[in-house]
Amino acid sequence: MMQHLIILPIVLPLFTGLFMLLSRNGATRSRRILALASTSLLVVAGALQVIQSGDDVVRYYALGDWQPPFGIILVLDRLSAMMVLLTAILALGSVIYACAGDDEQGSNFHGLFQLQLMGVNGAFLTGDLFNLFVFFEVLLIASYALLIHGGGKSRIHSSFHYVALNLAGSALFLIAVGVLYGVTGTLNMTDMATRIPELDASQAGLAKVGAMLLLVVFGLKAAMMPLYFWLPRAYAAAPAPVAALFVIMSKVGIYGILRIYTLIFGAQAGVLADIAQPWAWWLGLATLALGSVGVIAARDLRTQVAYLILVSIGTLLAGIGMNSQQATSALLYYMIHTTLVTGGLFLLADAIARQRGKAGARIVRSRSVTQTAPLGILFFVGAMAVVGMPPLSGAIGKTLVMQAASLPSDKAWLWSILLANGLVSVIALSRAGSTVFWRANHKEETHETMGAMRGIALVFLIGASPLISLLAGPVTEFTEATATQLSDQQRYIRAILPADTAGGDA
Amino acid sequence: MIRARSWLPIPLLSVLLLAVWLLLQQSVAFGQWLLGGFLAIVIPIVIHPFWEPQAYLKRPFLLVRYYLRVLGDIVIANLQVSRIIIDPRKRANPMFVVYPLELEDYFTITVLASTITLTPGTVSAHLRLDGKSLLIHTLDADDPDTVIKEIHERYERPLKEIFEC
Amino acid sequence: MSLLFIVLLPLLGSLVPLLGSNDRRNLCALITAILPAVALALVATNIGDVLSGNVQHYSIPWIPALGLDFALRLDGLSLMFALLILGIGLLIILYTRFYLAAEDSMPRFYAYLMLFLTAMLGIVMADNLLLLWIFWELTSLSSFLLIGFWHTQSDARRGARVSLTVTAMGGLALLAGLLLLGQMVGSYDMQTVLDSRDLIQQDERYVPVVLLILLGAFTKSAQFPFQFWLPQAMAAPTPVSAFLHSATMVKAGVFLLARLHPALAGSEIWLYLVGLTGLVTMIYGAYFALIKYDIKAILAYSTISHLGMITMLFGLDSRMATVAGLFHIINHALFKASLFMVAGIVDHECGTRDIRKLKGLRRYMPMTTVLATLGGASMAGVPLMNGYLSKEMMLTETLETGLLGGLFWLVPVLATLGSLISAAYALRFVRNIFFEGSPGTLEVTPHEPPLLMRAPVLLMITLCVVIGLLPAITVTSLLHAAADAALAEPVPEFHLAIWHGFNLPLLMSAIALGGGVVLYLLRKPLFDFQRQFTSLNTLSIYEVTVQGIVRAAQWSLDTLENGSLQRYMLWLVIAVLCLAGGSLVMTPSLQGNLPQQPLDALLIAGAAITILAGLATASLHRRRLISLLMLSVVGLMVSLVFARFSAPDLALTQLAVEVVTMILLMLALFFLPQRTPKESSGLRVVRDVLLSAAFGGIVASLNYAILTQPIDSISQFFLEHSVPGGGGHNVVNVILVDFRGFDTLGEITVLGIAGIGIFKLLNRLRLFMPSSDFEGRPWSPDSHPMILAIVSQTLLPLALLVSIFIFLRGHNAPGGGFIAGLVTSVALILMYIARGVDWAQQRLAFQFQPIAVAGVGIAALTGLGSWFFGYPFLTSAFGHFYIPLIGDVELATAMLFDLGVYFTVIGATLMILANLGKLTTPHRPSKQKEQS
Amino acid sequence: MEALYATMTGALAASGLYLTLRGRTFPVVVGLTLLSYAVNLFLFSTGGLTTDGAAVIKEHTDHYADPLPQALVLTAIVIGFAMTAFSVILAIRVRGELGNDVVNVTRGDEPREDKS
Amino acid sequence: MLDTALWISLALFVVAILLNVYRLTIGPSLPDRILALDTMYVNSIGLIILFCIWLNSKTYFEAALLIAMLGFISTVAVCKYLLRGDIIE
Amino acid sequence: MIGFYTVMEGIIAFFLVAGGVFAFIGSLGLARLQDFYMRLHGPSKTSTLGVGCTLIGSMIYFSLTNHTISLQELLITIFLFVTAPVSAHMLAKCALHQKLPHYERTKGRPEELDEEQEDPDAADRPSTTPAP
């Protein structure tokens, strides 16, 4: 069974999802149990993958037993294992939260959710460029369906923006795949990495166009400036557990950039080495700056969290732009932090909105939430974490990223923007928190409480922040090793394409 | 006891399917007969619910004659139409004709309408809602009664013989 | 290890109060006090060791990647502060017990307080720069909670936010400063940093480091011009003011100056920046303390002034100044905390803090009056009180400094002036409240507070007096140890004594005291003078600024993200043009090595039609149906192109998809407006045309370049292995179901999800159904033309047969599950079109969703099957079997996979089309019945 | 021929893009469909343009078109169809919710809880 | 002879399709355009058959079959739209 | 002596050319006849026959070259001849529904083309029917 561990994060949610979708009207209770069980198993699988990848061996799984570079392969390295585990943890929080009632707002929630997980995990694991496209589409179509879960005006409208932009993005992705295939004659990313350095000047020029198109595509998914416009509305409008899960989707874009531009266009790529990083740097900084503007301008908690995601994307992109092992390690830690915390904050914003009557998540004076203490503490912790207040993970992540800036000019740019963002976020979130929790009218005697499931989910995700601060030592050790592994393209080539490959027959 | 209707609900269709299958496969191998036969039985059973009862084919041989006649007419029709299209001096005399139907069964009416469309200078334009008359557009005709009479003689009556009476 | 517990116990203590209940207040206070008391005892056990010159360390690694260890130290400086923090902290706990009203949540307050206590201890004991910063920010956060404790009051909320903002800003600057400092030194270890003075001060980054760190220190210690948050923070409950805003948190800034003094001090910039800031703040604070009416505001500005004095002392370039600064930290903490507590008592008893209403309280609270008078005397620097000693030292050191060069005399003069005003406001504080007049205007009759509420004040005032009288035996050793930590050089010899003989400082003291009395007596004209100024203070500037920023941010975002998909698309296009177009420009040549193939008329005509139809689709888009027809032409042409260039499978697929798409778009058109009104301005159209043309140009160039590049593809492998390895002659199909079956699995998953998603979309959909077409013509009454129905019915079995044919041959000839599925679906959809939803629905025995899902399931299970034979997912198997009479039959697992595809396509397509069609049916009045 | 083919692809891409820049849902959807045609043609051609070389293995010939891009395009067509279908129905839903088919959100449409 | 016939026929079909495009473009009525499209489908069948003869391969026959079978469904759908608005009711 | 194959080649060529001619004429009719009802005649008959001829040519050709009787064309023809009238019929219905103007020389006035009294309120008035 261990040999199939690599594909488990794809197959498990696929079958669970299919099973749940077979009938439209199943018992809610059994579906919830199944969803929780499957997602928990996914966490276990992710953890096992992380453990397995810890020996620094790059493993692959040849689908259909067709050996690379001919067949599609899944690749398990530290990075993909980490992303799978991260996804699973976030998903578990979301599922728990959804089980408190969001799943009944429309049909087929859990099934679609599982398929969304399948898509995300596939994107993280695949070692084939076109297969990456396919998994992007799986996760996108599932996200479209989940985004409109529960209906409503703003949801539908923002969905259309999201869908239309992503369809355009998919078209660009295909062009990029076409260009890269047309130039290199292969789809396997590692194989592509071996062929890129051998291209002549005009072929390399074309490959560069492909690479740049991919950057646009991943930038769109990641919500990089100026392609981020779809994000705030879409995420703010999405049902809470879906929004929480969506947090990982923007990270898929980041993952894509990280993977493509370290493996295919990494240091070995000759004239095409490190072509995306300068763009990532400047656009990341711009994203970061604009995200800060959004955080302070937000009139609604959920929009605010959406902009906080933008901030994190900017930070991650800037981290990629610095293009060093230290920076990669830092951004990976930061990614773990921001994914879980912003996911938790989406849930929290929803939990708060549910207790404030008509005001919902808007940052205005309204009636007080029923459960001031638990929600208040969670908000405080979450806000601290997300703005980068110590001792929580945000501060550690940001500090790691700041520390990774080595050039004086990089430092000046990154630090000033990052610190200014920190200040702005503090102002904005203290405004928001004080308006929502402090500037409230008296409680009304409603018995609206968030209930055990939602509470557990919130504690699970927001509580992750203190946990990963406490465990920052081992976590950064892992991310450092990951960064080292990523920078060693030869290791991938040796592992996946041992000299003279021949396809195996079935 | 198995009733014929239950496993061979539309025998004529089954024959047609088997023939088409063999046409598609370009093969008369035994396996194809077997497979085609299987499909010719299964498909009618599957689509039976969608099959509104149709006129029963009474005289199949007349049908063959009918088809041959139509085939010939099609060729003639095309030559006529071509002349009108090509020859700028030849002026068309289009006309709308309301054709009173004697046929009652919709399948037969459909066959008639299709025939009219494929044959000389006529297009069946409209089956009126009451199912009693057919609006026909002719490309080159002078007298409606002639048209009606010709259609009745050449097509409707044979069809009535084949399917209905 | 005990160091860890000193910090940790109060942290645990922040959880303890939550165990207590708000009703049992004594118990709550008591259990809260236990842990800090133990911590204090632990500190006490270390006093001897530390005073003898040892520095204790404790360290556990935390984040090696960051250079952050959980490292604590206990040296003289830490010890001094730890004693202050824990000692006064315990008194505050006691005081709070009586201070808080019954409706205030005591557990919550204590929890915040303990959190703060931990943070403060952490700052003073941190042995790692980053750890220090962590605790530093924690004080900001916990003080935010404490100031905002009475959050129903807008003052409290604002105060909390302002203080958080200002101190967080400083904290962030501090982080940058400390990071730079650590990078300069190569370590964040405190001792290493403190030992690297020369390295640091010679580094070119020294100046920014000093600026950043001072920004942190000054904001925290409310130095000018960041002082404005402190008076605002007075909205906090008084114990908070007493503790945070006099004794501890505001001292964190000056603590930092002391802590990093050995590494950073001694330079010109330090001298000027720290010295002058302190001096200015001292005067500024004193002046405002004199003219305020709120007694807590008086104390707050006084605090600012005294912090300014301490800051100045740390700035001055003499070692004794540092000692004096440290000494004044202790003294100020003691008398100011007492005075705040007094102010709290007064407020508590009288219900007001307005000094104009408070009069002659000595009659009602004699004991408090005594304490207040002594505290005031200390603040004023009256001899025999501890405040006098440190002020005397301060005045001495101002005479020694090289600050301001030729204007050196200005420093002592201003210092004396500050002391003078200090004496004046101290006098005003004590005399106006307790001695002058009688409290006629008060609504309540004040009386002495409970004994235990006075006890903390009594204890601290006693300490003030004792230190004032016996400085040498009470604090010298502690001060020595602290100074040892704060100075890079050896601690100078000093003797704390009341009497140093007649000297200039003594004279200055006398002038300050005497002048203070005079100033107090002449205060009326000063108040009149002050009244001319409108109350434009820094705070309102701050508020306006923040609101302005918010509004500006909202405006700029509303402008940028105006909800316009068109604009978002535009950005996407611009990104593509810049990134891809830019790279394309750099490409040396588009022309590859391959020769072009010859053209023929057929190709030209085909391409021309395609291009024309494409352009027509775009240009006629406002007439939607025509646009659709043009799109249909493009679809047809594309499939012909596929056929022309050897892709039969693609041609088939494209044809089938084209039909389904057409049906879908026709369905959609019914629910959407039939035409697009003219909206885009001419300029917009021109812009979009240009952008589109540029994009098209890029695509075309790329395509041309790719077409002329030779390709060394992996495809040869598929051609070679298709038959022997995949068991099929149609390589494209074998790739789809075998070599790259995983793609196909994903693809049908997409299709299935799309169907399910669409079902979700159609749920609860509000429909807009036009009752007539776009020319206002009512719909035709004939809903299901009979001729169509009859022909469709005949076509259905034939289509099924053909689809099975296409399915079965797929592996070896063009065809396969996908096309077969589409053919089946289209035939079924034709039934819907011809006969209507009700009719078809009644006859269709299956539900669509299970079919679609089962299809994906079949494909996936086929893949899973290979696990049982020890092969990876989706490994195919095939074999030839000889069956009597039939002959050789090839069976492949790939066909099972393809069967999954087939079902998915049928299920998903019908789910999409039939469900959409089904929507309207119940709502349409049938005109057919009326007419027939 | 290659130049002509490329021109065709480019023209379709340009037309599609122009439509996606329109302000109504329907043209946007049609534009995306058109764009996907262009992309499919592009992707299809990356293996070269071959006449009379359908990749169905026969004896006596090794003149085959590159089958891989064809397989990719097939997948892309299917996915494109699914996406088109979804976006079309989403457009209908937009109309249902808003009463028109304008793609741009007007000001003041801050997301808020819609519980129907 | 066959080649010549093939080319003549091909040319005629191409011209026919161009004529269809002409009608499709100028209209004037919607049924005209639909009719033109439908005719284009039919002519495409001929084109494909001729192409098959030219290649001496029946690889593309199914494409012709599919157009014959499905092409009219598009036409029917559009007509139904014009008549009733709702094509599936 | 004209061989069998030459004859057959001639026959094939005849059918191909005839097919092309008919297809061309059908489309020509579509392009140049006066009204829609007349234009409908060309495609529905002539084009269909044109393709039919081509298919017959193909049938003979492939039967000869592959040495087996090629009958798939027959199937295509059947489909074509079954579906073409339906398209024509539906299109004619549309034209009547839209009351397309007819050539002035057309005789006969079917009631379908009578100008009815238009309901002025019926013009593009969306009726909103909320789903249950």
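Order of writing sets the chain letters: A, B, C, D, E and F. Residues in each chain are counted from 1.
Everything that follows uses one rule, which is that a contact is a pair of C-beta atoms (placed from the backbone, for glycine too) under 8 Å apart; a residue touches a chain by one contact, two chains touch by 3 or more.
All of these numbers come straight from a predicted model, not from anything done at the bench.
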item: Centroid-based (C-alpha) most distant chain relative to chain F; value: C
item: Of C-D and C-E, whichever chain pair has more C-beta contact pairs; value: C-D
item: From chain A, the most remote chain by mean C-alpha position; value: B
item: Gap in Å, rounded to a whole number, between the CA centres of chain D and chain B; value: 40
item: Chain centre separation in whole Å, for chain E relative to chain A (CA means); value: 48
item: CA centroid of chain A to CA centroid of chain C, Å; value: 17
item: Chain B-chain C separation of Cα centroids, rounded to whole Å; value: 74
item: Shared interface positions of chain E, touching two or more other chains; value: 10-11, 17, 30, 34, 59, 65, 69, 71, 76, 80, 82-83
item: For chain B, residues that touch 2 or more chains besides their own; value: 20, 24, 113-114, 127
item: Chain F, residues touching no fewer than two other chains; value: 26, 28, 40, 42, 48, 70, 72, 75, 79, 82-86, 89-90, 93, 95, 97-98
item: Chain pairs in mutual contact under the definition given at the outset; value: A-C, A-D, B-C, B-F, C-D, C-E, C-F, D-E, E-F
item: List of chain A residues in touch with chain D within their complex; value: 105, 130, 134, 137, 141, 144-145, 148, 150-161, 163-164, 167-168, 170-171, 174-175, 177-179, 181-182, 187, 233, 236-237, 299-300, 302-303, 353, 360-362
item: Touching residues on chain C, where the partner in the complex is chain D; value: 558, 562-566, 569-570, 573, 594, 596-599, 603-604, 607, 610-611, 614-615, 617-618, 621, 624, 627-628, 631, 634-635, 638, 641-642, 644-650, 653-654, 657, 660-661, 664-665, 668-669, 671-673, 676, 679-680, 688-689, 691-693, 695-704, 706-708, 711, 713-715, 718-719, 722-723, 729-732, 735-736, 739-740, 743-744, 747-748, 750-751, 753-754, 757-758, 761-762, 764-768, 812-814, 818, 908, 912, 916
item: Touching residues on chain E, where the partner in the complex is chain C; value: 10-11, 14, 17-18, 21, 24-25, 27, 30, 33-34, 37, 40-41, 44, 47-48, 51, 59-60, 62-63, 65-67, 69-71, 73-74, 76-78, 80-89
item: Chain C contact footprint on chain D (complex, rising order); value: 1-31, 33-34, 37-38, 40-42, 44-58, 62, 64-68, 70-75, 77-79, 81-86, 88-93, 95-97, 99-101, 103-107, 109, 116
item: Complex contacts: residues of chain C adjacent to chain F; value: 674, 764-772, 774, 776-778, 780, 782, 785, 787-788, 791, 794-795, 798, 919-920, 922-923
